[in-house]
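Below, chain A partners chain B and then partners chain C, in two separate complexes.
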Partner chain A sequence: MAAAEPTIEVERSWLSTAATVWAWLGYAFLILPTLIVIPLSFNSTTELAFPPRSPSFHQYRQYFSDAGWIDATMLSVWIAILSAGLSLLLGVPAAYGLSRGSFPGKTALSGLLLGPALTPVIVMALGLYIYFAHLGLSGVAMPIVLGHTLIAIPFVIVTTMSGMRHIDRNLEVAGMIMGGSHFYVFRKITLPLLRPSILASGLFAFLISFDEVIIAFFLSKAGNPTLAVKIFASIQWEISSIIAAISTLLTLLSLVICLFVAALLEKK
Partner chain B sequence: MTADDVMVRLDGVSKSYGAAIALTTTSLDVRRGEFLTLLGPSGSGKTTLLNLIAGMVAPSAGKVWIDGRDVTTMPPAKRNLGMVFQNYALLPHMTIFENVTYPLRIRKLGEADIKAKVAAVLDLVHLSHVVDRLPRQLSGGQQQRVALARCLVYDPALILMDEPLGALDKKLREQMQFEIKRLHQQLGTTILYVTHDQEEALSMSDRIVLLNLGRIVQAASPTELYFGPSSIFAATFLGASNILDVTDVAADGQGSVGVLSTGQRLHVGDRLPRPTTAKVKALVRPESIVLLPAGGTSELPNQIDGTLLLSSILGGVIHHHVSLADGKTVVVQELTRASRRLSDPGTPVRLAWAAEDTVLLPDDGAEAA
Partner chain C sequence: MSGNENSRLFFFAFLLPATIFTALVLLVPLGSVVVESLTNPSGWTLAGYREIFASRLFRLVLVSTVEITLISTVVTFLIAYPIAYHLSKQTPRRRALLMMLVMLPFWTSILVKSFAFMVLLGRQGILNTSLDYLGLPGVQLLFNRTGVIIGTVHSLIPFMLFPILTSLLALNPDLPKVAQLMGAGRLRIFLTITLPLSLPGIAAGVMLAMVHTLGYYVTAALLGGKGDMMIASLVDLYTREILNWNLASAISVTLFVMCCLVLLLFSRSKALATVSQSS
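What follows is the complex of A and B.
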């Protein structure tokens, strides 16, 4: 028995090492295009040379001094904030109801609410375009905010419901038996305990909206593109290294938000 | 019992989930100031009964009265109850002080009043020094005392306790049993206690309601329940028991007499009425039996010979397992002494016990618990 043990140990560690190496290779292959953009962004000229011949912050200065790029960025930020807020406002109560309530059609309703996550975005974008045109819904940001809210809600619901599962039902029962109304218990017990999940899903929703191209492309007004749409449009005409600078900044933003979300969900 | 003495009245309540019956039609009165325990194995309906009183589930039929009010359709928040849970249910994001003030804030008490009440109740459970800590920084026993304090602080008419000591180790459990009992005597609160631990029920309760398979089996004081069980289930669920087969039971002077499966006569005292069923069994508690050497004599009317199978010392007591002529095993309990020499297995012995220590039980064909 004692002699057999090391053999098992060796075999297992060989297999797990191989699996780990394989996983990292796959990961590197996927992340390489993202990483390669970072050195490209330090080119001083408009061409995309790798490695940059004379590294500089020229492209970053270009981005921050171009009113067109800044307007597009600000529009995206506003749309992302509004979509995140709206999807929280709709998604969190929905998640609470789906976790704690028991009513006929609950399964069907949760399927319906999570549906947008499974629908091809191009189909949804086209649908929204036709729908909003019929309604006569105008404005630069509002149609995109509504579209982004639609695709962010499933993520908010799933994240919040997973947070609800970690809240001991007895805490809410105790709160009610001590005299608290449903609303008082939700405000004083459920909501504070749910705060990390809500914050995490809000950040997710922000990121989903900020990165989204297809719906924004269909619904944005001419001359008022979101950042993602402007990147997409400009890449069709020229390969500008200013895009490398913007992509680097976006990668950084995503990374920061994802790390923050991971930390939030870890703490629970 | 006048209406004023009743804290909880269950009037023909029942609960079923579809075809599954959680509680058959049940009526029960809990007296004001009483420590009443709902005891039973899992699935016996004790938690259903508690939830009906708490208002967490609505009865399928019948009415629930608390403190003179019909609360059958009243939400839990309006029933003025306290509840202590097995996992304490302290609010993890609040300090001990905030946890205990939670029910007071709902009742909109003034700040000075709140401070005074919290200080008094934390003093009562000896936890004044932990007010600023979070629940997870306390031990299990301390957390359960905070949960008790949080109940006592708003002086509810009735406190429900759902296996409150189930998560604690044995030593701490005994300490907390004493603590809860002390608080009950000091404050005179009505307590409805749920447990599956028969020792806990026996040591703490004024009255035990024994449940099995969704119905009340027997409701009596711990002494009555232990010495006068009315069914084989009650006899075997509370305490250790020897159940003997007995036939031809008939009246004999003050008591009864019957024939054991080994052929000996069984004398039963007149302490309890004789069961009216056709078939009966006899209960003798292990501590009621005296172990004599083979051929030994005794004044006791019930005597039966057997062979010693095994003797084991369990600290304060010795358990002797004795095999009877018909192959049945009887357990005899004896207090230990340092000088006591245990006999070898296989030694012939004689068992003896008093008529009044024999209880006849209706043989309902049910398996012993």
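What follows is the complex of A and C.
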């Protein structure tokens, strides 16, 4: 097929070469900080030598044997699982309603539901801080779960809606013609076809919650921080290489989720 | 289909749980911030707003927040556009691979990225040790304005890049070809066809970048110096250190209004519609 296309590119001008070089410098700038923490995490002392003088897993052992770090990690895992579950439960039906329904006020409603993505997180954090103080809602995790669900919902809605655009609507119409109710068609046709998008948005929602700092910082109970809040606090005091080990683990988690999601959405 | 009314109610029912949740967890807390900013023990008052606008600290922080936002947005554009352009020229398969170089940093914790920049740019950091090794003078890139801008630009690039890429990919590939056949040079094609047709994407990217930066906290707190405090840090200072919720709320409402102004400014450019398409 390519032969049929008229090729008129004769010279590659210096301009396009410069643009390509500039783009590659951009890729390097993007990826470099994400990768630099990996070699640093194999330092045997708390000093951050690059490259490490005598590579070891010392910092990883430190992390895994410190009850404070492990407690914070487990708290973050629970909060992220609950937030991901809740944001799917609320976001997936909302995405279906927004992409298939037509009713007055739809634009305003989608503006409200996507609003948390455009509202400064610090403003939401202060709002939740004051709100929960008035409500007297206690508990370590629940206020943070509600806040994280709020900021994950727009991502779930947008990812699910984009998956919905790729579904052949004729399948849904056929289901209706054969006498299926709206709800039956949603459950038996739309939902199964949406599975990859739902899984992808759930994983992203997990990551959003797991890495979130500000809401967790405002709503954490003293002495019971999430992992992100504990990292934030300790970076402000000192740059130690245990943070490099934790950063490497966090980067690995992001990488696995990104690759998994890319593979999921590739299959479609 | 029997009754349009029925199906309307059906779809609305799907939206109801998320709507109630967002109303309770977004709108009510925002409302409490507004109420808090307008009240003190003696009742309704604008005293909080008068006090912050009279405060030298608040005005300094406001100015540095706006400066950081504008500079970061421009620098981000200069880096993100060439990447988006490069991505748009690739085959889908190669594009998917290169996209990983954008997606991974996008989904990496802001703490990891800030920590990496501290390690790279610090006095004893990798950059300065290398310069020292080469016999060159060191550079101060951390705990100052430059550090904040480097960190901010790094995390803004994906937000700017996605909508620009969407509008570049939507561009009819025949247009540049026809122009080339008619004898237009590459630069001319770019300036008269590609750039103008990607304007909606640029508008969306600039809007997202500005709204995000205005509320940034972690990057400035970790990579900036004393003179680089941003509005968000001030909210934290008043909430948790000074324990003055009235002033913290007045500052938050001011920040929120600034973000709304940015959205309003871009509302005529269809930027919001482009954002929702590109995601």
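To be clear about the criterion, the second predicted complex is superposed on the first by the 248 of 268 C-alpha atoms of A that agree within 3 Å, B and C clash if a C-alpha of one lies under 4 Å from a C-alpha of the other, contacts with A are read in each partner's own complex, and residues count from 1 in each chain.
Following the convention adopted for this analysis, a contact is a pair of C-beta atoms (placed from the backbone, for glycine too) under 8 Å apart; a residue touches a chain by one contact, two chains touch by 3 or more.
Given the structure is predicted, the values throughout are model-derived calculations rather than measurements.
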Review point. Given the superposition on chain A, which partner contacts more residues in chain A: chain B or chain C?
Key: C
Practice item. Once the structures are superposed on A, label A:242 by its partner contacts, choosing first (chain B), second (chain C), both or neither. Key: neither
Check your understanding: Does chain B (first) or chain C (second) touch A:170, or do both, or does neither?
Key -> first
Check your understanding: Which partner does A:146 reach: the first (chain B), the second (chain C), both, or neither?
Key -> second
Review point. Touch check for A:82: first (chain B), second (chain C), both, or neither?
Key: neither
Check your understanding: Does chain B (first) or chain C (second) touch A:189, or do both, or does neither?
Key -> first
Review point. Between chain B (first) and chain C (second), which does A:215 come into contact with in this model arrangement: first, second, both, or neither?
Key: neither
Exercise for review: Identify the overlap between the chain B-contacting and the chain C-contacting residues of chain A.
Suggested key: 176
Point to revise | Footprint of chain C on chain A - complex, ascending | key: 6, 8-9, 13, 15-16, 19-20, 22-24, 26-27, 29-34, 36-37, 40, 48, 50, 89-91, 93-94, 96-98, 100-103, 109-110, 112-116, 118-124, 126-131, 134, 146-147, 149-150, 153, 157-159, 162, 176, 182-183, 204, 207, 210-211, 213-214, 217-218, 228, 231-232, 235-236, 239, 243-244, 247, 250-251, 254-255, 257-259, 262, 266
Study note, to complete from the structure: Within their complex, chain C touches chain A through residues 1, 7-8, 10-15, 17-19, 21-23, 25-30, 32-33, 36, 79-80, 82-83, 85-86, 96, 98-105, 107-120, 122, 124, 126, 129, 154, 157-158, 177, 180-181, 185-187, 211, 214-215, 217-218, 221-222, 231-232, 235-236, 239-240, 245, 248-249, 252, 255-256, 259, 263, 276, 279
Review point. What residues of chain B sit close enough to touch chain A in their complex?
Key: 54-56, 75-83, 85, 87, 89, 91-93, 102-103, 106-107, 150, 154, 160
**Study point:** Interface residues, chain A side, partner chain B - complex
**Key:** 168, 170-171, 173-181, 184, 188-189, 192-193
